[in-house]
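By written order: A, B and C. Residues from 1 in each chain.
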Amino acid sequence: MKHFLSITDIPDLHQTVQEAIALKNNPYAFEHLGNQKTICLLFFNNSLRTRLSTKKAAIHLGLHVMVMNFGSEGWQLEFADGTTMNHGCSEHIKEAARVVSQFADIVAIRAFAGLVDKKTDEAEMVLSGFLKYASIPVVNMESSVGHPLQALADAITLAEHSTGTQPKVVLSWAPHPKALPHAVANSFIQMMQRQDAEFVITHPKGYELDPKITKDITIVHEQETALENANFVYVKNWSSYQRYGKVLTQDPEWMMTKQKLGKAKFMHCLPVRRNVVVEDAVLDSEQSLCIDQANNRTYAAQIILKKILVP
Amino acid sequence: MKHFLSITDIPDLHQTVQEAIALKNNPYAFEHLGNQKTICLLFFNNSLRTRLSTKKAAIHLGLHVMVMNFGSEGWQLEFADGTTMNHGCSEHIKEAARVVSQFADIVAIRAFAGLVDKKTDEAEMVLSGFLKYASIPVVNMESSVGHPLQALADAITLAEHSTGTQPKVVLSWAPHPKALPHAVANSFIQMMQRQDAEFVITHPKGYELDPKITKDITIVHEQETALENANFVYVKNWSSYQRYGKVLTQDPEWMMTKQKLGKAKFMHCLPVRRNVVVEDAVLDSEQSLCIDQANNRTYAAQIILKKILVP
Amino acid sequence: MKHFLSITDIPDLHQTVQEAIALKNNPYAFEHLGNQKTICLLFFNNSLRTRLSTKKAAIHLGLHVMVMNFGSEGWQLEFADGTTMNHGCSEHIKEAARVVSQFADIVAIRAFAGLVDKKTDEAEMVLSGFLKYASIPVVNMESSVGHPLQALADAITLAEHSTGTQPKVVLSWAPHPKALPHAVANSFIQMMQRQDAEFVITHPKGYELDPKITKDITIVHEQETALENANFVYVKNWSSYQRYGKVLTQDPEWMMTKQKLGKAKFMHCLPVRRNVVVEDAVLDSEQSLCIDQANNRTYAAQIILKKILVP
């Protein structure tokens, strides 16, 4: 693997999930692979799980790790070509990406959607800037439109809780007070499109995601109908895609409850707002897989880094 | 040792101090203990000594270290049970503590008192939240009401400067422009209660500490009387406990001076405001042990981490 | 080598540059040198290249690394002697420097010029404070008046691109919207004074640097004349030294262009504002050495740390 930008960069998802589970059983088995190699983790946004799990994955592989909060510790970056840089930005992505490439063997980047301008977000300025100008492999630790390490961790979690038969998986929108990006939902959908499963998305009208991502997946606007006979329910808020970045409703009727969940397993990428997105009774039950999902972030990152180290 | 929350978690203080001194003489003797293990240092407040000494202790033991400034790098935490999280906080302590437990073998936490509400501070929301929901050992790097790694470093320093006879130790309040927590004073007192020493506390009226901590220790309101024949004088400001978090006086008469100190050794946890808490002449003299105390923070942390690694 | 504060601390520049190039060819050859030793990198200002390259150099030498953003993670420091510290600063440089010395074997420090008061900046409060009170070697990662690791990286870059004959090197001032320090220019000049080269400085009138630094170096106010037959052109903005910290002009005529550059190689320490300091056509051409310079920061730091580890 050269870069890891999208869940679609994984040629064989099932095989990769099995390899990740093998790593989980023996995390330090490939500690020699990172010998005398360095990964640089660049954060343009906050992070708990991604910060710790990606570092942990790198430690397992024996990599040296350099973590940098780019926004607060470095320089404001310019992304446009040909600009006269006489305003706020001190450094151009061209130099930043080339320079980081001198010091690291792999660079992993987190840069959220701004949710102001769809075109800007879909251009993935930070990630695609590094991709264009860096001379080392680039790993997506959540960009404007995708969070593939989360989706891979979700695939690992689904596999670990598989009952052997084809499951029904539902992605259910949930209310949230703030406008959130589409990245987690997008990557989860792209991952599910490669699974042998019945997959349904449910959300209020107006919350349709990018049709280039959802393609021909069944979308149901009645949550109750969508949830019938579900085996796994992935709950996630996102802001409107059509009326880009807007919060159209916070209708509490869409919150996931124990009753709605039935016997299904509950999934969420975290952080989660309790009793807004999902009620306590779900999170505190055995049906919640969200801590497993977080744990699997380590092995998702680790199998990707391993594939980059040994292409 | 399972957790280290208070100086009272150490079963045999004298023995532990001797073990710490042995580590100081051979810091890398147990470098194999941390092999393939990781400690996560979570800072909810600023830190110089604790940050560097705890990391150094972990390095000595061969642990991998992940440092995180939780406030600025992670998500705002909710601590209350059953809240509808539709305001500022993005993540609940339940998830945060469980998630960190997936990535580390030990978690160490710094979270100061807010000094606004006594009940809130005494509930130790952050530390007790992690204790309740984490599945890994928890280490106190200064909480609302205690700073046991400092007190253990102080005990090591006292032992190193012991003259063999029972010493007189005085804890003397000092003026300070800002309201400071009671944590250092509390843990020092709890540590002294387990020492074979004459121990006296002196402070202006109104600065009585929590009587559940001070118990039957002699409290003298005339500083000069308290200091008579002292061998060690520990100087520290704290805000009022009764009129919680208030600065009642900044009377410079309470500043420690070379003259008042006499032949006693001077101790302070640092950082210290020169010529407010203590005059230059004391800090710049051979009688000051505060740099030794700071150095011993490493070995205090190290013996605790060692006891957690090898219970 | 005991400390590294200035490029003049290197006894034999040519020899040191050759040693750095040898390290570049075999970066991990001395990985054993840092065994069980720790370097502390203290940042009082932002940093990208210095942060990553100095950490990388330390990793190459097998050092443990502790990075700290002193401003945001530690305590506000007081530098004046004898002050009554009842205002903003919580800790004195005396304690901070002594304490850091307990936890590290080497301390490296970045603390920029404030550009408000010349006397204050030239006193180098932070760097000289650590030098005075620390008991361990001190390394300058850019101080108020010097950036010697950059100058050493520049010397390595010049050596790598040497054509064997005595080169003409020009330091050319460039426009910039903000007031910038003199550190890079100062150290580059001090480095060039020890090179076998024709060296010329060009800048608008009023931008004369400290005459104690420039000494008898040729200064030409017509950029075009200065650039004639140049082999290497080092471009850099600095604010006025006479009218201390002022931006006297942003005249775009002084921007470096491909046409002005001719066949010379272009050098800059980065970050650089495109189309203000230098036009895109230069940075995007084969004539630009600035990424090489950034890369050589690693080996500049590494040879210095090696000399400190093995004096």
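Heads up, the rule we're going with is that contacts are C-beta pairs under 8 Å (C-beta built on N, C-alpha and C of every residue); 3 or more make two chains touch, one makes a residue touch a chain.
Values in this document were obtained by computation on a predicted structure and should not be read as measured data.
Put simply, chain B has to spin 120° for its C-alpha atoms to lie on chain C, with the angle rounded to a multiple of 5. Where chain A touches chain C, under half of the residue numbers in use are shared by the two copies, so each contributes mostly different positions. Between the Cα centres of chain A and chain C there is a gap of 39 Å.
Shown for chain B are the residues that touch two or more other chains, namely 72.
Residues 36, 38, 40, 64, 66, 68, 72-75, 78, 81-87, 89-92, 94-96, 98-100, 102-104 of chain C are the ones touching chain B in the complex. Only residues 27-28, 31, 43, 46-49, 51-53, 55-56, 59, 69, 72, 177, 250, 270-276, 280, 283-284, 290-291, 294-295, 298 of chain C touch chain A when the two sit together in their complex.
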